[in-house]
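Down below is the structure, laid out as structure tokens.
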Amino acid sequence: MTKLIEYEEASEEVRAVYDDIRATRQNDYINNFWKAIANHPPTLQRTWQAVKEVMTGPGEIDPLMRELIYIAVSATNGCEYCIASHTAGARAKGMDDTMFGELMAIAATANMTNRLANGYQIPVDERFKT
Amino acid sequence: MTKLIEYEEASEEVRAVYDDIRATRQNDYINNFWKAIANHPPTLQRTWQAVKEVMTGPGEIDPLMRELIYIAVSATNGCEYCIASHTAGARAKGMDDTMFGELMAIAATANMTNRLANGYQIPVDERFKT
Amino acid sequence: MTKLIEYEEASEEVRAVYDDIRATRQNDYINNFWKAIANHPPTLQRTWQAVKEVMTGPGEIDPLMRELIYIAVSATNGCEYCIASHTAGARAKGMDDTMFGELMAIAATANMTNRLANGYQIPVDERFKT
Amino acid sequence: MTKLIEYEEASEEVRAVYDDIRATRQNDYINNFWKAIANHPPTLQRTWQAVKEVMTGPGEIDPLMRELIYIAVSATNGCEYCIASHTAGARAKGMDDTMFGELMAIAATANMTNRLANGYQIPVDERFKT
Amino acid sequence: MTKLIEYEEASEEVRAVYDDIRATRQNDYINNFWKAIANHPPTLQRTWQAVKEVMTGPGEIDPLMRELIYIAVSATNGCEYCIASHTAGARAKGMDDTMFGELMAIAATANMTNRLANGYQIPVDERFKT
Amino acid sequence: MTKLIEYEEASEEVRAVYDDIRATRQNDYINNFWKAIANHPPTLQRTWQAVKEVMTGPGEIDPLMRELIYIAVSATNGCEYCIASHTAGARAKGMDDTMFGELMAIAATANMTNRLANGYQIPVDERFKT
């Protein structure tokens, strides 16, 4: 188990990231993920910067859909922490049980057909190569 | 390499699935995935039924977003065939280079944070458990 | 691409493994997997010893079923080489198209339900814990 | 944590699936997997239909061997729930400690050689391509 | 949960492995991994032999670096047990919080770029093929 | 297949990244990975920044060891492009066949024991939890 770095005991560079997380999310809560990777400040800074840009920056994909994509990847990898935190995030953005069920169905079906394609060693159609 | 079952040589039960694929997609092209798994007709039938329901049935998630989720899972698993075929499918539904770039950025970031969460053995926050 | 070590140019310790592969399989063909890992003789020796014991030694699981399990894992991991070589091995031991189709269906279904179990964060039933 | 849907509070369509699970297995117990995915009835119906056909339908692969294949995939993916439930299922069908040990040895060896084949970038032998 | 085989109740062949673990590590503690796989003595013997050779034998890669590689793989696969045990092992060999943070950053970055390379279907440069 | 963006046709922001890659590596060659993700400039910028910091910045882990860790992760994920490019990178930094063989042996062994730990559902030792 990793030590979680609380705001009060954090260095200035870590506090700066925590402050930005709070301002970006308009919420004081810092979840354990950030408190854990704060043990290595450069990783905290780089990771927060990436998550902030990718998940909250302007873009063509709707913020709720971004959360769904995140959950689909996390369920595929079996990352318990990421499934729990992003499911909470998606619910806060409006995901209900039906949408979650549809998401799980898509992710599960993709995992199924991925292995059929692998196992049957199926050549990519010419028309999909361009 | 698996033998691909062409329509002309297919059994009646396989042809019925091919006919439904064509009708559902309003397109005569049957891609190699179906021609390969047609070597085992029950798997062809069950898999097409699932893909049809999950990817084309009514639901809260937009058909283009469903393709994005499919691609994110397939890129995570490294399934070359599925990446190629669903990228083509998403482009046909309107995905441009920017949307694809955003999708890849989300999938890549999720794969990155999944491993940080695993490696740091981060406990799930109480508030994410309910 | 790794250099493949042919018998003629192999060191004595590598030849000894190649000889044992030929004797165990009663077949002169050495497939590329062994010729590649022969670049590191201790890995060649240890890996062949493990594969020989696990796949050809006495045991409760039938040799053909062992090949099916191997293929299921390899399809899950997307290892093209291992899928191709063990599918050939299973066919040589009697696997036909129907059995391969059933195997793919089981592996695909397991990959599907694995992600549903992950995504829904399902607690293990008490009765499965003992 | 997902809410588990008990029989008493379930909708009619969910109860119909639960009834079929009980009849097929000749056992009243509904395990948590089904109670969790019952939050999305179409996923419950489709998934049960697939598992029923693939795991209990007629076929060339013995029901116990099907469980072993399922466990090998689940251990490869690290799905704790599926490992626990299918290990219980396999034990009920006759798997003892030795058979489980052999299964783990095969799955572990395949996972090992899969990475050697990947890492050494080994070309597939011509004879394995047909 | 698997029964853990304690030294006192172990068979002679299992005790011989436990004795060798203790002698090799110059430490009396046998961790749960070995006590669990001792349920299948041939797997215990083969696995210990491999781990002993690969992790403690002579070689060009420093023992601490071997532990880091092990952790990177285990974090990629999400194996909680292996992450915990090898993190303890690496700390005993001198890994501090900064080195662990760097390791996690490398593993996370590799997992990120692996999916970009997959998703963008990037052809291998000619110069990397030789 | 993704279009590769050559320097001559690149936008100014993309050229700035290419220039930094060349300056950092003291080598004019831009490999396909960067030319592909240049289709989405923010992903190109963020990814290069991360790779540059993590792989070439100051730190406790030797640059060659960083490449080995990268390869171990890429082999575990089966990312052909990343295996090929980072193997070339490691060889340029001094990796010989023996060191590569040792690396593969460690990665393969970790993949093996990861699945034994998963499959046997081994509880983490108390002493590894602190």
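Going by the order they are written in, the chains are A, B, C, D, E and F; count residues from 1 in each one.
The rule is short, and it goes like this: a contact is a pair of C-beta atoms (placed from the backbone, for glycine too) under 8 Å apart; a residue touches a chain by one contact, two chains touch by 3 or more.
Quick caveat, the model's predicted, so the values are computed rather than measured.
Q: What are the chains that chain C and chain F both touch?
A: Looking at chain F and chain C together, the chains touching each of them are A, B, D, E.
Q: To reach chain F from chain B by way of touching chains, what is the minimum number of steps?
A: So the least number of steps between the two chains is 1.
Q: By mean C-alpha coordinates, which chain is most distant from chain D?
A: Computed centres place F farthest from chain D.
Q: Under the over-half criterion for shared residue numbers, do copies chain C and chain E use the same patch or different patches to meet?
A: On the two sides of the chain E and chain C interface, the residue numbers are mostly the same, over half being shared.
Q: For D-E, which listed pair, C-E, A-B or C-F, repeats its interface with over half of the contact pairs the same?
A: Matching pair: C-F.
Q: Go ahead and note the Å separation of the Cα centroids belonging to chain C and chain D.
A: 20
Q: Could you state the distance in Å from the CA-based centre of chain D to that of chain F?
A: So the centroids are 34 Å from each other.
Q: Averaging over Cα atoms per chain, report the distance between chain A and chain D in Å.
A: That gives a centre separation of 27 Å.
Q: For chain A, what residues touch not just one other chain but two or more?
A: If we look for residues of chain A contacting two or more partner chains, we find 1, 37, 39, 42-43, 46-47, 50, 53-54, 76-80, 84, 87, 98, 102-105, 107-109, 111-114, 116, 118, 120-121, 129.
Q: Thinking of each chain as a vertex joined to the chains it touches, would you call that graph a line, ring, star, complete, or other?
A: Here the contact pattern is complete, since every chain touches every other one.
Q: Spell out the part of chain A that touches chain B in their complex, as residue ranges.
A: Interface residues on the chain A side: 1-2, 29, 31-33, 36-37, 39, 43, 47, 50-51, 53-55, 59-62, 65-66, 68-70, 72-74, 76-77, 79-82, 84-85, 87-88, 96, 98-99, 102-103, 105-107, 109-114, 116-118, 120-125, 127-129.
Q: Going by the contact rule set out above, which residues of chain E touch chain C in the complex?
A: Listed in rising order, the residues of chain E that touch chain C are 1, 42, 46, 49-50, 53-54, 57, 129-130.
Q: Any idea which chain C residues touch chain F in the complex?
A: Going through chain C, the ones touching chain F are 37, 39-40, 42-43, 46-47, 77-79.
Q: How about chain F: which of its residues touch chain C in the complex?
A: Those in contact with chain C are residues 78, 97-98, 100-102, 104-105, 108.
Q: Where on chain C is chain A touching in the complex?
A: 71, 75-76, 78, 80, 83-84, 87, 103-104, 107-109, 111-116, 118-121
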